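Labels A, B, C, D and E are assigned to the chains in the order they are written; within every chain, residues are numbered from 1.
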Amino acid sequence: MLLAQDLAVFRGEHCVFAGLGFELRSGEVLQLHGDNGSGKTTLLRALCTLLPLEQGTISWRGSALPGARAQYFSEMIYSGHSEAIKSDLSPRENLIAGAALRGSDSIDIDAIIERVGLSDKAELSCRSLSAGQRRRVTLARLLTSHTALWVLDEPLTSLDVHGRALVEALIVEHAKQGGSVIYTTHQPLSLDGCDVRSLKIGL
Amino acid sequence: MFQWFHRLAASKNFYRLAEILGPLFGVLGAILLTLGVYRGLFVAPTDYEQGESYRIIYVHVPSAWMSMFVYMVMAFCSALFLIWKMKLADIIAEVSAPMGAAFTFLALATGSLWGKPMWGTWWEWDARLTSELILLFLYIGYMALRASIDNRGSAARAAAILALVGVVNIPIIHYSVEWWNTLHQPASITKFDTPSIHISMLVPLLMMALGFTFFYFTNMLSRARSVILEREANNNWVKDRFRENRL
Amino acid sequence: MGGAFWALLKRDMLLAFRRRADWLNPLVFFVIVVTLFPLGIGPDPGLLRDIAPGVLWVAALLATLLALDGLFRSDFDDGSLEQLLLSPQPLSVLVLAKVLAHWLVTGLPLLLLSPLLAVVMQLQVVAIPVLLVSLLVGTLTLSLVGAIGAALTVGLQRGGVLLALLVLPLFIPVLIFGSSSVIAAASGFAVDAQLYLLGALFLLALVLAPPAIAAALRISTE
Amino acid sequence: MGGAFWALLKRDMLLAFRRRADWLNPLVFFVIVVTLFPLGIGPDPGLLRDIAPGVLWVAALLATLLALDGLFRSDFDDGSLEQLLLSPQPLSVLVLAKVLAHWLVTGLPLLLLSPLLAVVMQLQVVAIPVLLVSLLVGTLTLSLVGAIGAALTVGLQRGGVLLALLVLPLFIPVLIFGSSSVIAAASGFAVDAQLYLLGALFLLALVLAPPAIAAALRISTE
Amino acid sequence: MLLAQDLAVFRGEHCVFAGLGFELRSGEVLQLHGDNGSGKTTLLRALCTLLPLEQGTISWRGSALPGARAQYFSEMIYSGHSEAIKSDLSPRENLIAGAALRGSDSIDIDAIIERVGLSDKAELSCRSLSAGQRRRVTLARLLTSHTALWVLDEPLTSLDVHGRALVEALIVEHAKQGGSVIYTTHQPLSLDGCDVRSLKIGL
């Protein structure tokens, strides 16, 4: 589905990585490994076209990216360091607005909120959620649209053990249904029954 | 003395007191306002200079006085709250602000209505008018700040600081504006200061002023009661009263 | 496409409704700036009447400008902007929804209050309808044009003043046509020419601004 | 205590030096607002000269106001403000260092540029020294008083406009004394009274503002 | 050293915890446990007097807090969710400014920067650091002043395995020298040779 060839990204003068390539098929999970500052976030943002490539091409289902952007965006979802949550809205309102923006409407928001363990906070303003509870809202967002590709930057941040188990279950499920996932984390993640590949970034 | 004060400040006791005083003030205020309106509109003689339009005075002057009085109440309560952490004082300040803003607005509106026949314009940049307008801004700022902070405790303390800063500033504003205004223009428009006012006009005016004051206290107490109920909804005395259906 | 437009508009209006400060503040700022002038200049009614159209228009412009800073900033800060950029819907349509919501929340109240301030500034009554029309078309144009600046500066820590710097030159034609239409009306002259020009500027902005805003947003999130 | 004061002053000046926009922007804003007026009002030189003191002062006030928003915001956003509150040094001293740095970066350049703009606005040359003195004392006072508002609103998402709302009423006496001193000087009257009053306001602000700012900051980080 | 008695903190109407108390002695390490949203951050901020207590007292070396604030602040350091790093300054400049603010000056900044593994980034602007590199700057800040009490909120966020080892070493060292540490994390931390107690928050 996703094919990256010979990618190079510069930040300022500094080459973060070069000559990087991989292919991601349906049902596959790819973990990025690398020390702090090795360029994982940079790669993920470049894959989302949020950063310009110095060199190389990214293609989605065979068509190169800047062109196929509309289709690509409707089939991928990115969850980054920042949470994209409106503090003044409740988790439910946030999720509804997010789903509408992605063009998906017939979803069962309640079930999703239940799934991420926010049932009793669904109507509170997100300002009063703790760090981990806010993260759970971003997890719920992944479920509100049926996208093929998930791009997750450190999804375990601030999550407790139940939260980690939830992330593991979500990834495994998504891969089983034929979706693919690229993620990065510094914590061990056990994805049983999944086809996990790993890519090391940095020197 | 201090102990008495503290016992009163407990919201339960205050609630009970407000329950009694509120209606009492309400009745007194209603009587005074009816009498004042009647005597002001029908009994008091027509002003030989201004005709009938001067009767706006019976709304205008009391509301102008109240606009300043309420700010003093608010600032005083803010000081009590900041120094002794009296939650009751915060409640009084909170519920007073919109009323003060309303009185200020009323003074501005009636003054401006009066200004049209008297001066030929709705608005003049007169000293007193200008400082009343600024007072309205202070009220609005106070309420906007409170509304913008989610956490109630923080909102209360931030608003209290602002009210105190404002109270330092009010006399400064007052004198600077007065001075600014007289510097450029001789007192051509200050028709306010007609020193003598006939007793038949003065009595209803005082009645109205007192009536406005009672109205303020009635309204303030009932607003304070509902805020207390809201804040203490989890306390037993509120639950008991709710069960007994006498809130 | 329409769905996402309305959803975004609805979300932004809901947010504005939650934080009342959003629409109250530009309004009060407008009022305060207008009242600052008599305080700075002195209370002479003749002088005030002469400068009233200019002051009202400059105050409206400054209020719009100040409000603009918040147009994309909160979305940028919490990462929602990235998600907007990754939406499958055409970005310029989404951006138009945001600008429209912003104008409804900040521009419209200002418009509704302007007659009152015109009276305070001793403006002739005949000029008030023209003031309203020119402000309606003008603030819409200002919002559209200003949004380009807001999009360019949203990534910068203290974008506020830089934003002012970027968009004020673009605001100047709107200011000139807007205030001169009111001056003309106050002196009893015809105002068609100025209002047509304002309308033309608005159409131009409506066509050109959305793609420019979209492009600027993509740059700002890099 | 002195050490921390100087360290903070130095840090803030260094930061301002790194991001040139900080001191350039209020300046350019000042210039642009002053130039907007002739555009909005029309180019009649007599009228301009009459309103020059008022416009210069209002523009200086608005520029100060805009810059104020950034006074504590970046420290708040990145958590430095919490660290400041946890410093063993007295908070009102540290706060004074921040206000001073802010004034040096935003108020001082504005002051230095004002004679030029006064000439552009056709202000009488005799009034220029008075303009300078009144702006010097006045903008210092505005910075101190405005910092209270900035501290109260720093935790709020769109504090900018709320800040304007909160502090503008407090700014009015400074504006009145400042501009009326320039008006008096331009008409050849004595200006001692106004300048003494400005000085008194400054001293009052210097004494009362720092503890108020400190208290407001503690509330805003709750 | 630090004694907390019968603490209760409210956020809005909601009581986050009540009746919480503990004592922390010199050389002791206290880990807060609790699920997402249980109130760990709230407790740490309250201990720093950044949040008002609804009830209870905190005392430092025997004197109750609001009074003994000046002394307390000179002997404690807090490192929270947000990093308190100026993006426009380099790590070195950040550390120097931070140290001056705390009143400590005779420290060897270079050695500290070396210790946290930022030697080659010491002069870069912090804007161009990765998430983990920025965290390391906050670790360095702990070392720039010789404070007795460290209060750390999720210090492992974004850190890789070397980063985690560094945090472990720093805590052990600090405790050995008679300092005390309160921290919270959702990841396992192995503090060998340390007197680690733990406190569970939440129901």
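As a convention for this text, a residue touches a chain if its C-beta (ideal position, glycine included) is under 8 Å from a C-beta of that chain, and two chains touch if they have at least 3 such contacts.
Predicted model only: the values in this text are computed from it and were never measured.
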Chain C to chain E, fewest steps along touching chains: 2
Touch-connected components when chain D is not counted: one piece
Maximum centroid distance from chain C, chain identifier (CA atoms): E
Interface residue identity across copies chain C, chain D - same or different by half: same
Centroid comparison with chain B (C-alpha atoms), farthest chain: A
Two chains sharing the most contacts, counting C-beta pairs only: C-D
Distance between the centres, which are taken as Cα means, of chain C and chain B, whole angstrom: 35
Centroid spacing, where centroids are CA-atom means, of chain A and chain E in whole angstrom: 30
Geometric centre distance via CA averages, chain D-chain C, whole Å: 25
Averaged-CA centre spacing for the pair chain B and chain A, given as whole angstrom: 56
Per-residue multi-chain contacts in chain A, two or more chains: 81, 87-88, 125, 128
Sites on chain B at which at least two other chains make contact: 134, 137, 140-141, 144, 148, 150-151, 153, 177, 180
Contacts with two or more other chains, residues of chain C listed in rising order: 19, 21, 25, 28, 32, 39, 42, 74, 77, 157
Residue numbers on chain C that touch chain B, as the complex places them: 19-21, 24-25, 28, 31-32, 35, 38-39, 42-45, 48, 119-120, 122
Touching residues on chain C, where the partner in the complex is chain D: 19, 21-22, 25-26, 28-29, 32-33, 36-37, 39-42, 47, 50-51, 53-55, 57-58, 61-62, 66-67, 69-70, 73-74, 77, 156-158, 160-162, 164-165, 168-169, 172, 175-176, 179-180, 183
Chain C residues touching chain A - in the complex, by the definition given at the top: 3-4, 7-8, 10-11, 14-15, 18-19, 74, 77-80, 82-90, 94, 221-222
Of all residues in chain A, those that touch chain E in their complex: 11-12, 14, 34-39, 41, 81, 121, 128-133, 135-136, 154, 157-164, 186-187
Touching residues (chain side chain B, partner chain D) in the complex: 134, 137-138, 140-141, 144-145, 148-149, 151, 153-154, 157-158, 161-162, 164-166, 168-169, 172-173, 176-177, 179-180, 183
